[in-house]
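Structures incoming, each one as structure tokens.
In the two assemblies presented below, chain A is common to both, partnered first by chain B and then by chain C.
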Partner chain A sequence: MGVKKRISGCVAVANGVKLADVDVICSYPIRPYTGIMSELARMVADGELDAEFIHGEGEHAQLSVVYGASACGARAFTGSSGVGVTYAMEVYSPISGERLPLQMAIADRTLDPPGDFGSEHTDALCTRDQGWLQGWSSTPQEALDMTLMWYRIGEDPRVLLPQYSCQDGYFVSHILGEVEIPDAAQVKEFLPPYKNHHVLDVRRPQIIGAQIEPAMGPPLQYQRYQAVEGARQVIKQAHAEFAGIFGRSYDPFVEEYMTDDAEAAIFIQGAHAETAKTVARRLRNLGEKVGVVRLRVFRPYPTQEVRLALSKFKAVGVVDNSANFGIAGSSGVMLTEARTALYNLGDKVKTVGFVGGLGGEMITHDEFYRMFAKLKEIAKNGKTDRDGYWLPFEL
Partner chain B sequence: MTSSKLFEEPGLKQITVWARGVYENKEARDVVVAVTEAAALEGKFVQAWENYVDLPDRIFVPVRAYGKISDQPIESKYVYENETPDIVALTEETLVKGVPILGGIRPGAVLVVNTKRSPQEISKFLIGDTNKLKAVVTVDASGIKQGVITLSGAEGATDASGIGGGFSGPLAGAVVKATGIVSLESLLQIVKDKAAARAGYDQARVADAKSLGLAG
Partner chain C sequence: MSFKEVPFAGTVPSPKRENEGMVTGNWRTKRPVLDKDKCTDCLICWISCPDACIDQSTTGLAFNLKYCKGCGICAEVCPSNAITNVPELDYAD
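Up next, the complex of A and B:
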């Protein structure tokens, strides 16, 4: 069995990386993810982890280094936050196109402006269509567990895709939470060594990322599409195996909280889901039929699971912790994707968007209370007045 | 529509430690970590963290470290500042001037200051909700043990230098004496320099707020 400690999300991820026995790490500092790299640097310096620790000259270089390392057969790890995530944007698609299953931790931070190093999902969501797997953890424990799980899923020969393991900056990355750090032997059982079947090797020259003809584009893109789609099954399997070995189980795609007989629900991803749960629990004590559904995996988007989970409510409030200026529905990407998932149900479930927690502000208990009050009104009247509300200005 | 009553957590105690950026970050963090870990030994639900927004890489700016201790699971865990502290501690005396150290304190709050001065002398400088204070406590924690200056443990990483090896030990000892938030025995199980923490406990000067002319 593992050891229980109170650690931050950053230290939790570093422990996951250590247990995954990575070979190459590439760092570049930016708050709030920096704590992951300072912890890993300490582990390498203290001899706890045998890995190459390379300091890149920027995020673009970071991703390039782990791209090469993964191509050489190394299990590779990197990470960033905020504008660091967007600075490396060019390198993401080549990595997934080459089907290299390295991992990047993202501890969310606002882009500039406001650039206040507070948490917003905007940074990581900018990368959502780069052919990587992606999901959010809402506690340090989950951040550690997902570090292991993403490697397991991404390295599966049926998948072979890189992974963004995301956590909310500060809320998860910096506030200490109780974490059970698993035993190394258990991790060995769960996560076999990474095997790259076309290792970059000077003795057998090959070209990676070569210029191609337009006619070669469609099959290449279709293969990547199939890999992302096919990951769904592997995600389910990995979660089941994880529960069997470590005794901690997560619903692979959506976590439902107090949704039995609920008429209204908040649909949300990341740390603020924990606050939403508190509010739902307190409202339940007052007899309100409310619940929370937390999205755990954003790519591949679990269309069926979201449809199944949300179809039982009269009203759903979709919370976006990102700035998606000018988006359809004037709210955020969580709303547009949830509405797409629900589209075939017709007008059965009323949906409304809530943009909140921007700039790293917490979404307060009172704000969730106001959201639930709005949902109650929508469920009662059977209609919505508008697509979305920006909190705290519009609700 | 208001919901303030709905989200009250009656069993929750908040401790806020103010410090000077960079030089005293670690000592402030160590006080909240030592006290909350001691409370965890006693079966409490706890949380400790540093204020993320206080720009802790700016030398000498006022920065805060926080702890929460409760009989119940903490539901306000992502409320990222202690809005209504029960205990306020200062790593050095000049923080009493120009810094809103008593902001939001709950009735019955206790102030603990690392200083050679007496509670009587310190209380002259206090502004804000002084009438809510129950006691002012002083201890020459830096005289008992020098502070440890390190960046180890910054940004949520593990502090390789250990917990409570500097003046945080005696300062936490004074907090324990003045508030009884945990037992001295529990605290001593956590801190690195147990003798220093005990000395802080023994030497802390606790003055009732009424005797200082502060109470309502």
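Up next, the complex of A and C:
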């Protein structure tokens, strides 16, 4: 059985990577994700983990190193934050295109400006359409568990796709939580060794990422589309197997909190969901019918599950912790995607966007009270005045 | 081309020397021409060609014009001035 420790999200992920027994790690420093790499460097130096630890000359190099490592048949790990994530942008699509299931941890940080060290989902959300799997953890325990789960899902022969394992910077990455670090034998049972059928091998020469003709573009993109879509089923299976082996269960796509008979709900992803839950619980104590729905997997977007979860409310407030300037609805990508999921239901569920927590600011209890009050008003009147509100300026 | 005809992830089973579906020499504006009397077979052009389109044949070096883009590096590096860049418009083909 595992050991319980109080550790941060960064150290939790490092423990997950160690348990996954990775072969190649490539680092480059940027706060806040650096905590993962310093812990992994210590593990390698102390002989706890047998892996090649390579220091890249930048994030573009980091991703290129793990790209090559994964193509050679190594289980590979890298990570970044903020502008580091966007600097490596060119390399993401080739990795998913060549179907190499490496993992990248992202501990969110704002882009420049404001360029502070605060958490914002903007960095990771920029990468959402690169053909990778992607999801957010809201606690250090979940961050460790998702490290193992993403490898298991991504390396499944039916999927073979890279994964972004995301967590909020600071709110998860640097705040200690009680984490059960599983036993290596349990992990071995859950996560079989990485095997890919198109690895580089001098005895069987082949080109990975060859220049192709335009006519090969549509079928290749269709292959990748099918892999991302097909991952849905594997995500469900992996979560069920994980619960069986480790005794911790997560709803694969959306977690519902106090949603029974709720009329209004906050729909949110990441660490701020925990604050939203606290406020929802207090409002429940006052007799308000409110709940919280937390999105766990962003890619592939769980359209059916989101539709099912949100269709029972009169009003849904979709919280965006990212800056999406000029987007439809003037709020954020969480709102546009939630609305697309709900579109076929007509006007049954009123949706409104709340942009909050930018620059790494807390989304405070008070702000969540104001959001729930706005949702109560929308549920009562059956109409919305506007698509979205930027907090704290507009609500 | 149908979905099933495309190799998994575009991976080509073994390196192919030439791909007839992707001939890229047709944007060349100058053609390298070798003076075999001056050529000493030093192979500096062969190793310098960025497109690996200089072949070593039994009758000496030959330019593979299906892929040569006329960059002129071979003429530039040749120590015995055996290679000349001739404008493509001087040729009928």
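Throughout what follows, the second predicted complex is superposed on the first by the 395 of 395 C-alpha atoms of A that agree within 3 Å, B and C clash if a C-alpha of one lies under 4 Å from a C-alpha of the other, contacts with A are read in each partner's own complex, and residues count from 1 in each chain.
Following the convention adopted for this analysis, a contact is a pair of C-beta atoms (placed from the backbone, for glycine too) under 8 Å apart; a residue touches a chain by one contact, two chains touch by 3 or more.
Note that the coordinates shown come from a computational prediction; the quantities given were computed from them, not determined experimentally.
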{"item": "Touching partner for A:98 - first (chain B), second (chain C), both, neither", "value": "second"}
{"item": "Contacts of A:394 with chain B and chain C, given as first, second, both or neither", "value": "neither"}
{"item": "Contacts of A:229 with chain B and chain C, given as first, second, both or neither", "value": "neither"}
{"item": "Of chain C and chain B, partner touching more chain A residues", "value": "B"}
{"item": "Which of chain B and chain C A:90 touches, first, second, both or neither", "value": "neither"}
{"item": "Which of chain B and chain C A:215 touches, first, second, both or neither", "value": "second"}
{"item": "Partner chain in contact with A:205 - chain B first, chain C second, else both or neither", "value": "second"}
{"item": "Footprint overlap on chain A, where chain B in one structure and chain C in the other make contact", "value": "none"}
{"item": "Interface residues, chain A side, partner chain B - complex", "value": "6-11, 14, 31-32, 34-35, 38-39, 42, 46, 116-118, 170-171, 173-177, 271-272, 274-275, 278-279, 282-283, 286, 360, 362, 364-366, 369-370, 373"}
{"item": "Chain A contact footprint on chain C (complex, rising order)", "value": "1-3, 5-6, 8-15, 21-22"}
{"item": "Contacting residues of chain A [partner chain C, same complex]", "value": "97-99, 160, 197-198, 204-213, 215-216, 218-220, 222-223"}
{"item": "Chain A-facing residues of chain B, complex", "value": "1-4, 6-7, 36-37, 40, 46-50, 52-53, 75-80, 152, 154-158, 160"}
